[in-house]
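Consider the two complexes below, in which subunit A is the common component and subunit B and subunit C are the respective partners.
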Partner chain A sequence: MINNFKILRILPFVLFLLIIFVSALVLYQLKNEPKNFKSIKSQLIGKNIPEILIPEVNYFRSLNGKQNLNFKKFQNQIFAVNFFASWCAPCRIESPIIEELNKIIPVVGVAYKDKFNDTKSFLNDFGNPYKMIGLDEHGKVAIEWGVYGVPETFLINKKGKIIYRHAGPLLYNTFKFEVLPLIQEK
Partner chain B sequence: MLRNINKVIFLCCLVLTISQNTLAANTSNSGKSFIINKTREISQNIKCLVCQNQSIDESNSDLAKDLKILIKDKLKDGINEEEIYSFLRDRYGDSILLKPPLKTNTILLWFLPFIILIFGSIFVIKFLKSSYK
Partner chain C sequence: MIPEIGHVLLIITFVATIMQVLFWIYNMKSFNGFALNILKKSSLINFLFILSSFFILTYSFIVSDFSLLIVSNNSHSLKPLIYKISGVWGNHEGSLLLWVLILSAFTFLVSKQNSVINAKLLSSIIGVQTLILGLFLAFILFTSNPFERVEILPLDGRGLNPLLQDPGLALHPPMLYIGYVGLSVSFSFAVGALITGEINKEWAQQIMPWIIISWSALTIGIALGSWWAYYELGWGGWWFWDPVENASFMPWLIATALLHSARVLEKKLILVNWIILLSILAFSFSLLGTFIVRSGLLTSVHAFASDPSRGIFILIILAIATGGPLILYALKSSSFKEEKTQFNLISKESAILINNLFLTTATATVLIGTLYPLFLDAFNGNKISIGPAYYNATFAPIMAPVVFLMAIAPLLNWGQNKKTNLSKKIIFIIIVTFFGTICLYLIEESSLFALICGALSIWLFTGVFAGIATSIKEAKIKFNKFSHFFFFIWKTNLGIHIAHIGVAVFLAGVTGEQFYKTEYSGRKNIGDIFNVGDKLLEFKKIEMLDGPNYKSQTATFTISKNSKIINTLKPEKRFYPIEKSQTTEAAILSGFLGDTYLVLGDGNKEIGWSIRVYFNPLVSWIWGGACLMALGGLVSISQNTKSRKK
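Now for the complex of A and B:
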């Protein structure tokens, strides 16, 4: 009886501690949880680039027949893949930075859910910052790359593995403090 | 007599043709409806990554629509449910699933409610017992 009474007295305290512990745990998880998809680390980091074929666009003429983007051109060097679209306003903002990046390492652009003529007009208006351009008309390539939306930029190392992903427009600070050190480091 | 036999053969052929066509139509319809139902079933378990607390089945976002088309195409290609989930997890992580899988870091999430329920029940029973005495 006394034992039971002791347990009864202790139990609310144990429950209280348990609730405090759980709340702390939840708060800790919430604090560490990415605020939005932009800060979620890509699942493809450290993996080889997806093998899906991307039809190449000849910027000056038309779709390059049945030719696909050939990433082997960039074997043994760092390069970037940038998903963009003519209908995407932030892509216009990041265009000058992509141009800067293309001066340092080759940048491959993949036009996401776009039509060839629209892509061409976009590049005419804002300049073509890419070494090569691919067209992902139906967004299937983007899903293979785990893309959430445009713009998104990936860095690929000399071994063909994805080492970095940035969701959203690549702005100067990110370019200077995240992308450049990675390029210089490798 | 010969005429009658001919008539019977003709009727048999007619019945067979009609029944085969109906069977073929039913088979293709059931195949189609299987893919549609399975696509919906899988879509209901896939989180819309650019929305809040919505499955891709409920969402009209571009990415959700593309994912639904992808699931449908994969089912048409004969790829099974598990492979589709694993394809999506490989690209978007476990966060693409509406029900988180049971892993070491999700054990508390799954079992804590039961632990609290057990402790709570013990407390309530003890409390009731003592108040009756």
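Now for the complex of A and C:
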């Protein structure tokens, strides 16, 4: 049956070469620029913020672990949630932009897989750009929010729905051309 | 000192494999008994050296030698012994060592078959196996040395990922690897046939047990993984079409096709090229699976270890191990002689051929679904992920005809169909399926797809029983003596029937789980009573308990039906202080007819806890079916060896 079409015999090899070639291409890109998840749209866009409790921490007085972050404070206004960590270098870069953002809308910081004292000294060194801070010690909240890594920023609209997500440090251009229009629009 | 011995053993074996491969190539033209003997002996020595090296690594884990990088990264002195041992393969380096250990064991076992396999073929098989062994040893030594030391000695280890501290998962990698690596034997048989240019019915008989062993192990391995995902991940599902799951499923599909078509070759010298190609592909898909899991190419919940530079190395191995044979296939496969027969449409071989076409198409569908995100990423940088919706729409319809044929094919004869009342049997199966489906509809109204799925399961059950009845009748067995029972097993291809019943059982489980499950999720506090389906649940209490290496928050629920308490469920959230991570232990009340599955979420006394409850009818049949399939495989191996001796 197959015997009559000898050219077909080379087909498995050609298909195989194609797979190898594409894999090599992707691996090559992976090596050069570490994982880039910025363009993945969050599953959560258009949905309510995940119902999860984050212990609220007041870094400048003492650990106030009994209370949980209360997003209801920001009902009927746009606000942002920013995942960060003291051990994360890009978070230092975006710190001034987050401060800028906090002047326009309230920003809630969630310290991801971090220790109380480390976060405290981080905020002392680079300034505290947040209205409110939560501590996600074991990174569980981040899982619920579908966070790939820190830093990551979410915008939440007046109805409590997530409208925007940005993975990686929030830089000036993104802030000006993507985030600001969204805030002004609503 | 001791770990260094393990390392040196691996280096020696690696150098030895290079020499063995050169020796094989040098002697390829004129192979004699003496040269074959050297290859046989060296495959034993390879095996013993790697085994010793593996024992040394296991020993380092048992005594918690934290000066070794992988022990300090993956173990902890307080871990239970069984997880210290399973920690050996719970990480990248150790699992690769297990991989080469199994490969060398298989090579040694094949080399013992010199009384049945002819010398020229056997030497090629050992040669190819040794080449693969050498490639993987190089991979271990150059990129993933398990015996690497740490520079600063830690006080204690970091522990094994708590998700992996589970009896089901301790056995999952070894079973899967036996399956993956076992397929290398049929691969080497195929390459051997391409090199020697000879193939015959004996070739198919000799290859058969190896295919069945690896297929059965792969079945069990995949089932264990799915079972683990079901009760440990707490997502309430059993298969997620995750790239890593697909990576193990594709070799299984190809091996299933190979298993069936090799049976054709045992009877008739046809489909030779096709079978050679399948043998090469089955192992290539295993390698592709290893590549996908180990390179981090596709991000997945399962990818515990990944590193792009390792990926490049595996890609090179894949290119050599698969590319070479495929070129050889393109050049030499037309030289095989085949029997000239006419294909009868209604015969076992054409049924198997159709089954093969569907199975390979199904594999291609899964392959496209798995690799498409990769292709898209490479060409325009878009990141997408492909979920169950794709597979439900593409994979399921392709498999339906396979199941449909599976009931009829065992009733057919090889070649010309003799008059065996085939139409009578088929009418019988149709009638039973028809009334069964009506019963199903009357019991619980459901969607069309549920009915199709259920009907296929009934169809297959009936078909298999008709098949068993036919073979009993043909073999003229009377059950008046106990010894006749064994005669019955031997004479009736019982292994095949058991495996097919396994598929029917599996399908029934899938139908129940997919279409008839009830689900509830919400926030409840202590003392709450609520209805789920026809059952009543009460949230009794929640308490903190201590486990051997974790702390647990355990809730207690009672479940009652018709105001009678049936059982108590205790879902947990475990916190592992060493690894600083948390796992969800779903409370599962497993029954023959279905499971009650309860997951405890986050919460506190003020606002209550979020909980999820599922009633999954027949879900345990999914794994029961898989076990039956593997059992069928093992039974048919024993039949196979018996009939060969005879």
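Observations
Everything below uses one rule, namely that the second predicted complex is superposed on the first by the 149 of 186 C-alpha atoms of A that agree within 3 Å, B and C clash if a C-alpha of one lies under 4 Å from a C-alpha of the other, contacts with A are read in each partner's own complex, and residues count from 1 in each chain.
In this text, contacts are C-beta pairs under 8 Å (C-beta built on N, C-alpha and C of every residue); 3 or more make two chains touch, one makes a residue touch a chain.
As the structure is a prediction and not an experimental result, all values here were calculated from the model.
By the touch criterion stated above, A:V22 is placed in contact with subunit B and with subunit C alike. When the two complexes are overlaid on their common chain A, residue A:P12 makes contact with subunit B and with subunit C alike. Looking at the shared chain after the overlay, A:K140 reaches both subunit B and subunit C.
Looking at the shared chain after the overlay, A:G149 reaches subunit B, while subunit C stays out of its contact range.
Of the two partner chains placed by the overlay, neither subunit B nor subunit C lies in contact with A:Y172. Shared interface residues of subunit A (contacting subunit B in one complex, subunit C in the other): 12, 22, 25, 37, 40, 138, 140.
Contact residues of subunit C toward subunit A in the complex are 273-274, 277, 280-281, 284, 288, 291, 295-297, 299, 308-309, 311-312, 315, 318-319, 322-323, 326-327, 329-330, 333-334, 338, 371, 374-375, 377-378, 381-383, 580-582, 602-604, 610.
Listed in rising order, the residues of subunit A touching subunit B in the complex are 4-5, 7-8, 11-12, 14-15, 18, 22, 25, 37, 40, 43-44, 113, 138-140, 142-146, 148-149.
Note for the complex: subunit A touches subunit C at residues 2-3, 6, 9-10, 12-13, 16-17, 19-20, 22-27, 29-31, 35-37, 39-40, 51-53, 137-138, 140.
Every residue of subunit B that touches subunit A in the complex is listed here, in rising order: 49-50, 62-63, 66-67, 69-70, 89-93, 95, 108, 112, 115-116, 119-120, 122-123, 126-127, 129-130.
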